[in-house]
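Each structure below is given as structure tokens.
In the two complexes below, chain A is the common chain; its partner is chain B in one and chain C in the other.
Here is the complex of A and B:
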């Protein structure tokens, strides 16, 4: 049984990868947009200096992993549900965990592919030098960041039809990116917006990433990453509960 | 097939991620030395003299800090280093030191960029003011000095090989201070240790006159004291600062209140007080791996030696408690090492002083201020001790956060003086010099003359008289050969010694060394033995090694009219560096009087 689950997982993964390779038009934008934005904000815009490159390395890394997570799950799951594919899956002997595990693994693969060009641009383009341990820790955090976004994607995917899921995924994605301070630091926002920002997982994760690279704080406030981590854990538990509810509801 | 797609993808991706992480740029532990005095430091925690500014950057142009901030634009083409994980501190200020020889260089090797001397020869003050105003590349710290200290004949300060213009009456105060100012002294230091029975001192009237004369002529006056009573009397007399904490009694409320009101400062010098109180802090410092690599043999020797005698009323715990109480009340506390007293050394000991201030109860931040901004303010020294626009680019970067863990101040990454990076190398030949073994263990049998054994005599070793006239004392020694030594086959070495007052520890005796003071290794020997007879009393045997500038390791023994053999273990010469032996002496003193004594068969024993 165990090997069946594992085999099913490997096959699911392989199939997901092939799907992306055969229809790259769906995945390419989510891979290319982050690096394009990073190059624009960290290099091309006036006033971009080394400090920006370091700051945005942390935040655009979060941005890069958000796309595959939210769209892959939100739109992907909604589509497969609409077409009855999920019902077939449920009837098949392959356990649900293989389906879910494969989707998560493939999301991590795409997240990595989105991150690599940003890291290369930061390191070799902007000359950002960090100890190996910091680079590795940053990569670890960026990859771990898929978890809350995957949960958000699942909630969307389980709750909405494919058309609605596309619209909502886009709104969530853009809100998380812009309001979460991934494009521009939130201190530039009006106070009211800043209050919203701190409730977003994207903001909290970006703060942890900024603390890892020891990026300059735009204001005099100090970063306390332990607080951000606590908030992220609480948010994740909350999102997981919502996702479970959404899944249970669509099943009935 | 799908199986393989997955495995190939995932393994190539993991390999790719590994490669990317591996090849991404890492901070170069570069040892790019800034060859000119304009550069930038990015993303570093800056201790500005009072507080830490996180993730700041700064720009240095021509040796002056021109920008400090978070969002400053670094000009293209300027050399830059990233300071992530590091803290930048103002160049340290040692508020109590005695400068001669290599002191200013040894200080800078540990990030001390400004040395406030509390007594040295006026010869050291030459060019001092020009040098400290210039921004040229230098390997030495800058000097402020009291020059000669105010003391009475035979008082504290007269025991060193420096000619001291003493002062005995209040009438002389004005002229005495004017002479100091003419010599270039920046401030006046007086020694006030009245009513003790071991050393003479200025009386209160003269000390008060010196304070007034100093103030009349526009200079600060600071005092060496060791008791609460003396400190209180100096406070009443209008002193500007104390260069030691008193350690005999707990500080009184009255003293604290008055010290706060009058705005005096205190330089506790806990490092030297710990050494006097036998805390072995110097030996611990010498063993610290962050320290030992940058010390010369001489410095290590200085750290492991102790005062060899206990002084009354030096209680390290009381010293720490008094320091904390004064600090808590708001009295400025300045870090000073009192190097190079036994148990201390220039540079490294100031870091230990900060550590001891933290042990006394100051915060690490306050200890850092005590070695930077606080002394700059107390002594009115502009452009030093803080990191701000317009300040001189004297600073150090250390790995970690000394504002949290003071021991991090010793994890020095770069030392910048006048905007130039200082290469942190200890002087050549200090430790690595391998000296050849002493040619013979037979230092002297004196059978036919006073020369050592042939092997040693050919190398230029001799026996000579030695006395404290080299330290401005008045003792005299003469050595010559006599017939009929201890073994009745040949002669012996006669020492005719007149021990006279004039130097605090007077001596006169016989000295074995090469005329050029070349060093030899005597590691192989466990003991030295000799026969001796003469005027009964206590005598001293001393070992000399390279570069000595302080009291050498010594042992005492008693002599009577009859020949007897003295054997001294080498281990009991504490702090002896046996691999760089220079000389050996047998002296009379410090008891005054005439001593005639004969020495025979001086032999190193294996």
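Here is the complex of A and C:
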């Protein structure tokens, strides 16, 4: 029956892509906002230069993958659950792995679409020259960053109704971006806010990305990405447990 | 309203040989369960024993004993909130029972093996707006090992015309047809239809009834919940009446119809309800406008007494009770006798 699940997976991918492209008003902002912000902060604002373009390449890459992950899963799952669609699916032999796998695959496709213009602007616009291996490592990190954000989306999607999910997804998305230092480095924030920042996966992931591209630190502190990686892994396990609990609560 | 509980409960007992009883303390229900005993192909498709479902402090289902054999249409009939939907959701594995045993094809509800043999149309379930009926049905067909032909199903459900229109743009009846198509695309042996025709236009209702009859003819088992008595009357071989989470009657459709008594007498009479209620064989009496309606196990003898006592009787009609009247009587009787 493995081929049945695989077959279902391809159909689910097709359905997810069709749903997304037929609602461009939802998908376009998440694709265009990151590149627009990147161009603004890395090129247009005063003080822009090579360093900024490199620094923001690392952080806006995280920002770019956050949108499709949090909104795709948070709002998408809440909406399908709300209208009873998930109940029909769960009563049917639809393989859960095909449904989730397709949603993750399509999230990765849209995350890539959001990343491409930023990479192009950084490479050709700002003339950032990095070894191929560093580009590849950065891309790998940016794409893997969808995991914790997808888990956050799942928790929101399984816990809230569709209206609540839209509101909470927006708050989480903006908080992760602003407080996580994706828009501006957190050393510009007051101390209290900085303490909050380091608890966010967006900040921790951005730190790893910055270490990969070896962007000059705005402060003198030394980067230890292994610490950030450990924190991200622990956060991901914690989020996965919460997502599992939120999912298991469905059947009572 | 005056009722003779004894006669009615005798009738009920005849139809329900198994007494509804909570399991005694220390009794191992699993060992005694007939649900688990044999797995030969001709045993129950659905088997419930002492099935209860509690939400907070309220029972949605209370000690349900029900065995449904392969083939035919069973209607689960009851008012809103009687527990019909909860029962279906338990059968699908979407709700977990609080106690008791429930098996579907001899397996736990929600197992992948049983799901491959089940089709379902839920009451409050809507599909994603931006896919077309054809896309929805194609996707759903991919879940089943032996799906039906997609164009055939579109045709059967009278969807061909709108097959490529977005679901969002369909009318309410057309949407229900798509949901029904999803219930039967997998060639299921067992089909659950939870209030399938609530709020439907007559065309769609007829189509659905036709398809249900055809499915039943090919040996499928159909479980449908409804509060339309007409639907149960027309479609079902067997009717299970539920009220407040309990089964209050269970039998062939004709038997349930008989339950309210042998006949319904409708006339204009001067005699008080109380007095008529004391006649032998009278099950219930009620005043409906100018008319007195008498449910009697033996309408001939009741009429004889009535006509001898009241010379003014006029506009007399004697009829067989409809399922609706039977259902009303059952519903009222049980509410008063269980208090």
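As a convention for this text, the second predicted complex is superposed on the first by the 252 of 252 C-alpha atoms of A that agree within 3 Å, B and C clash if a C-alpha of one lies under 4 Å from a C-alpha of the other, contacts with A are read in each partner's own complex, and residues count from 1 in each chain.
We take it that contacts are C-beta pairs under 8 Å (C-beta built on N, C-alpha and C of every residue); 3 or more make two chains touch, one makes a residue touch a chain.
Here the structure is a predicted model, which means the values were calculated and not measured.
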* Asked: Is this a clash or a fit when chain B and chain C both end up on chain A?
  -> fit
* Give one of first, second, both or neither to describe whether A:135 is in contact with chain B, with chain C, with both, or with none. => first
* Counting only touches as set out at the top, which of chain B and chain C does A:38 meet: first, second, both, neither? -> neither
* First (chain B), second (chain C), both or neither: which does A:120 touch? -> first
* Between the C-alpha centres of chain B and chain C, what angle is found at the C-alpha centre of chain A, to the nearest 10 degrees? -> 150
* Asked: In the superposed arrangement, does A:8 touch chain B (first), chain C (second), both or neither?
  -> second
* Classify the contacts of A:214 with the two partner chains as first (chain B alone), second (chain C alone), both, or neither. => first
* Have a look at where A:22 lands relative to chain B and chain C in the superposition and call it first, second, both or neither. => second
* To do: Count the residues of chain A touched by chain B and by chain C, then name the partner with the higher count.
  => B
* Looking at the overlay, does A:109 come into contact with chain B only (first), chain C only (second), both, or neither? -> first
* Asked: With the two complexes overlaid on chain A, what is the closest approach of chain B to chain C, counting only CA atoms, in Å?
  -> 8
* Structure fact -> Contacts of chain A common to chain B and chain C in the A-superposed view 7, 10-11, 14-15, 18
* Asked: Given the complex with chain B, which residues does chain A contribute to the contact?
  -> 7, 10-11, 13-15, 17-18, 49-51, 54, 105, 109, 112-113, 116, 119-120, 123-124, 127-132, 135-136, 139, 213-218, 222
* Sort out for me which residues of chain A touch chain C in the complex. => 1, 4, 7-8, 10-12, 14-15, 18-19, 22-23, 80, 83-85, 87-88, 90-95, 251-252
* To do: Show which residues of chain C lie in contact with chain A when the two form their complex.
  => 92-96, 112, 115-116, 118, 120, 122, 124-128, 130-131, 135, 138-140, 142-145, 166, 179, 182, 186
* For the complex, which residues does chain B have touching chain A? -> 1-7, 9-10, 13, 16-17, 20-22, 24-28, 42-43, 54-57, 70-71, 73-74, 82, 84-85
